[in-house]
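All chains are identified by letter, namely A, B and C, in their written order; residue positions are counted from 1 within each chain.
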Amino acid sequence: MKKLLSLTLVVVMALSLLTGCAQPAPAPSGEPAAPAEEEVIKIGVFEPLTGANAAGGELEMEGIELAHELYPEVLGKKVDLIVVDNKSDKVEAATAAARLVEKEKVVAIIGSWGSSLAMAAGDIVRNAKVPAMGTSCTNPLVTQGNEYYFRVCFIDPFQGVVMSNYAFNGLGAKKAAIVQEVSNDYAVGLAKFFTDNFKKLTGDENSIVAVANYNTGDQDFTAQLTNIKAQNPDVIFAPGNFTESALLIKQARQLGIKTPFIGGDTYETPEFAEIGGDAVEGVVFSTFFATEKPITSESTKFLDAYKAKYPGKEPAAVTALGYDAYLILIKAIEQAGAADSASIHKALLETKDFQGAAGVVSFDENRNAIKSAVIKTIKDGKFTFMDVVEP
Amino acid sequence: MKRNTIYTGTALLLLFVFVYFANKHLDSYLLRILNLCAIYTVLGLSMNLINGFTGLFSLGHAGFMAVGAYTTAMLTLPIATKQMNFFLAPLISPLDKIVWPFLPSLLLAGVLAAIVAFLIGAPVLRLKGDYLAIATLGFSEIIRVVFTNTQTVTNGALGLKGIPATTNLWWSFGTAVVTIFIMVSLINSSYGRAFKAIREDEIAAESMGISLFKHKVLSFAIGAFFAGIGGGLLGNLMGTIDPLMFRFFMTYNILLIIVLGGLGSVTGTIISAFIITIAQEFLRFLDEPIIPNIPALPGLRMVVFSILLMLVVLFFRTGLMGTREFSWDKFFGFFKKRPLSNGGAK
Amino acid sequence: MKFYLGGVYMTLELFLQHLANGISLGSLYALIAIGYTMVYGILRLINFAHGDIFMMAVYFAFFGVVTFGMPWYVSFIVAIALTGILGMTVEALAYRPIREAPRISILISAIGASYLLENLAIVIFGGRPKTFPQVPIFTDMVQIGNIHIQKLTFMIPAVTIALLIVLMYLINKTKSGMAMRAVSKDFETAKIMGVNVNRTISFTFGVGSLLAAVGGIMWGLKFPSILPLMGVMPGIKCFIAAVIGGIGSVTGAVIGGFILGIGEILLVAFLPELSGYRDAFSFILLILILLFRPTGIMGEKISEKV
């Protein structure tokens, strides 16, 4: 009996220890958030800083940090960025988001590169009623049915349509081939909407002459490209991650394929031009902003600050989106005049014509950014402005 | 014996009370970590059955989890959500009309994973050591590639979202307790002894009349069954899944748990599932700027983590528990004043 | 000449282009598979870290050229030497202390070493891809008729064959080679015969890593985007190549590399709708080989020791 007692004691002590240290925050979750009287405003960031998507995470962090340096304060309070790594892992991404919401008590969240990781946070931000601002997660599912998820980028359908219009009207293409990164939701979505609209434009069910797939991380595309070469298309649409796309186009040129390549906003990454070298000259893609023709005054500010901080480097499109994601939250806090989640959420829903570095943003009913697309090409190794397409 | 049953009952009761209060009072972050701990316990046990108790070095766990997670998700997703998910290519019939409750979905997930394991295991389990490892790794990659490419069934790379978040502490801890009981009774049965015999020496086991094929496939399929259930629980905890979730790293995480806990110890697996899941979160401070004015090194956490793992493998090869197990006798023997000579052993 | 096969339109020219692509890829696989097979032949251990040693080599070469401004040939030699040292270090730290342990521990240690190298690379080199320097004498294209072939395609087999000859000499004619063969047959007996087992294994690891470095540099020249996780897939693929050829056999590794490379390309060529399943193909090939000819094409029979 004595033993039983001691055992019970031990277990109870262990449990109370667990629950005790687990609950440092006294605020019960049911009541409304404490009035914003703290000295700092906490904004959470969850990005893949390690693992397979580390490159994308790093690019976006550059933008978020830059914006934080330029706008370190709002409502006279310091803004604290709480960055957590989601390891490019979905399970970890959900835990990271829960940590931001519960442990760090952030008022809003930014992230993440990769729609799959953003979706992992979806339920958490909705349940906690903390608004989340997606950066470059273009999968329509991210914001669908989740009134707390927003994003500063346009989504796949728009971009697919823009590029198919360009292929048909701008290039006069009648036959198109598609090479897609089949394990990447972004690429699959873009390819699908491109296909649908291109078929409609040409009025020809067979206007897509070839569809080839590859997987994330693949490096050899010669087989797919040789097949496409045999079909002799007028244009090749190749949505995918920038590393793979650069290698793909390089190999296409090496195989003597002279067909123009077009793609999406992932192309606007300095590494794309660097890895691709001469091969990506003349590649056309849709993206968010242009250096030569700054859409907003914020674009100029962003570009100047970026060049000052990273001399000799060009910002990537997703860097600008990271910048905007931070800035739009700051503006929402300013507009709301309060820094609690509910006010920010309300202000975000009302946001209209936000002047971001990567374009003017208003949200549609699914909280996706409605913004114009910029069509760019690569000329002498530089991203060069071609055209603006209004939504 | 009877005394021990009372103790076990008391411990379960305490766990029940703990879950009851935790569910009520903890925030969603801590709940999530606790849920993950329990799910990783299930996954760790299932992998330990194959790798630790039967000595088959299998790296195919992520594949079985994927089968389980997708089965549960497809069966529990409400019809409207299915339509929302499959906006690129419609879902094939009859999956688009079926909605099952959670428990039968979870069980079917386990069964399907076990069937897949049987189909894979029947030919592959003849292989040994690292050949088996690479072949099972291959199969799990094949499963992932197939799921990526069959858009009308799995929604491909887009993944699924809006899976009902049914998994809570009752489900996860309940499943973990059931799994522990099944594992312990299995291991102490004649099957369990045969598994261990195969682990120690295949040829000797075979000459004792143990059917290698039957027992290996059995162990593999049971392991996969629980892996499928673990995958299903995980999917319904996350609310969203996609094929990339089930890369080799997933298997690797579970491997880590069983190595740290001790290959061939149920107790060790449970302890290390909790330790590793909590430690991964705890070590997060390493990713933050530690010394002022020196920028943070994201990824340092993972470096430290991999070094810790290497140290365990190199210097504490048997892990926390080796093949030892918890028992009430040992537990009290530990507290009792031990006679000097027999060190508390009975 | 035109023909249809499986509904795919194919001309001789097209087929030859595919074949050239396949040979180009296959020769790379072959080169890296040799290193795998050497280590396996001696330790009977899948060196999971091989792919990551390979990745490190590419980074070394990159930094040599870009950061330190060395001419490419100097940088490549330095990178190869450094990688050899790295391989020996990995062996000394991760494999030597547990040589007597059960195989499962050694395998786990191997996976752990690979994981550690990847995470280190992310922290040190960053996650963004870097562009491997282009050396025109390797990377230029040659056009024969309508078939385009990179110069590397001719050089890689030449390098492979040259290395093969050196290796054959090393293994069969030198004292170290004799020690390597002795250790691969039987640890204990070799030890009794006065072979320094640890030194021999370390030496083998060094040579295996040198080969990984040569393969890595060639890989970097052909696929000039380098990432911390770039070694994972090539590592697995080349292991598959080594198994197909018969692990432990150097010539087998070369044959296996070519089979895998050409097979992958021809799969996509003739069944384009299966292009998304390309990685699955390699694994299916591996499993089929393991089931029906576990010793591979050139492998020797291993009988079970009681």
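Everything below uses one rule, namely that a residue touches a chain if its C-beta (ideal position, glycine included) is under 8 Å from a C-beta of that chain, and two chains touch if they have at least 3 such contacts.
None of the values given here were measured: they were computed from a predicted structure.
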Seminar exercise, completed: Busiest interface, counting C-beta pairs, is A-B
Problem set entry | Relative to subunit A, chain with the most remote C-alpha centre | C
Problem set entry | Centre-of-Cα separation between subunit C and subunit B, whole angstrom | 33
For this session: Return the distance between the CA-based centres of subunit A and subunit C, expressed in whole Å.
Result: 35
Problem set entry | Residues of subunit A engaged with two or more neighbouring chains | 49-52, 54, 182-183, 213, 215
Exercise. Which residues of subunit B are in contact with two or more other chains?
Worked result: 145, 148-149, 298-299, 302
For this session: For subunit C, jot down the residues that touch at least 2 other chains.
Result: 119, 122, 232, 276, 279
Exercise. How about subunit B: which of its residues touch subunit A in the complex?
Worked result: 7, 10-11, 14, 18, 21-22, 25-30, 32-33, 36, 81, 84-85, 87-89, 145, 148-149, 151, 156-159, 161-162, 165, 234, 237-245, 247, 249, 280-281, 284, 287-288, 296, 298-299, 301-302, 331-332, 335
Seminar exercise, completed: Touching subunit C in the complex, subunit B uses residues 51, 55, 57, 123-124, 126-127, 129-131, 133-135, 137-139, 141-142, 145-146, 148-149, 203, 248, 252, 255, 259, 263, 297-300, 302-303, 305-307, 309-310, 313-315, 317
Problem set entry | Touch list for subunit A against partner subunit B, complex | 3-4, 6-8, 11-12, 15, 19, 22-23, 25, 29, 49-52, 54, 83-85, 87, 89-92, 94-95, 98-99, 101-103, 115-116, 119-120, 122-124, 127-128, 139-141, 144-145, 182-185, 187-189, 192, 213, 215-216
Exercise. Which residues of subunit C touch subunit B in their complex?
Worked result: 44-46, 93-94, 97-98, 101, 103-105, 107-109, 111-113, 115-116, 119-120, 122-123, 232, 236, 239-240, 243, 276-277, 279-280, 282-284, 286-287, 290-291, 294, 304, 306
Exercise. Once bound in the complex, which stretches of subunit C touch subunit A?
Worked result: 8-11, 14, 17-18, 21-22, 24-25, 119, 122, 126-131, 134, 141, 143, 146, 148, 150, 219, 223-225, 227-230, 232-234, 264-269, 272-273, 275-276, 278-279
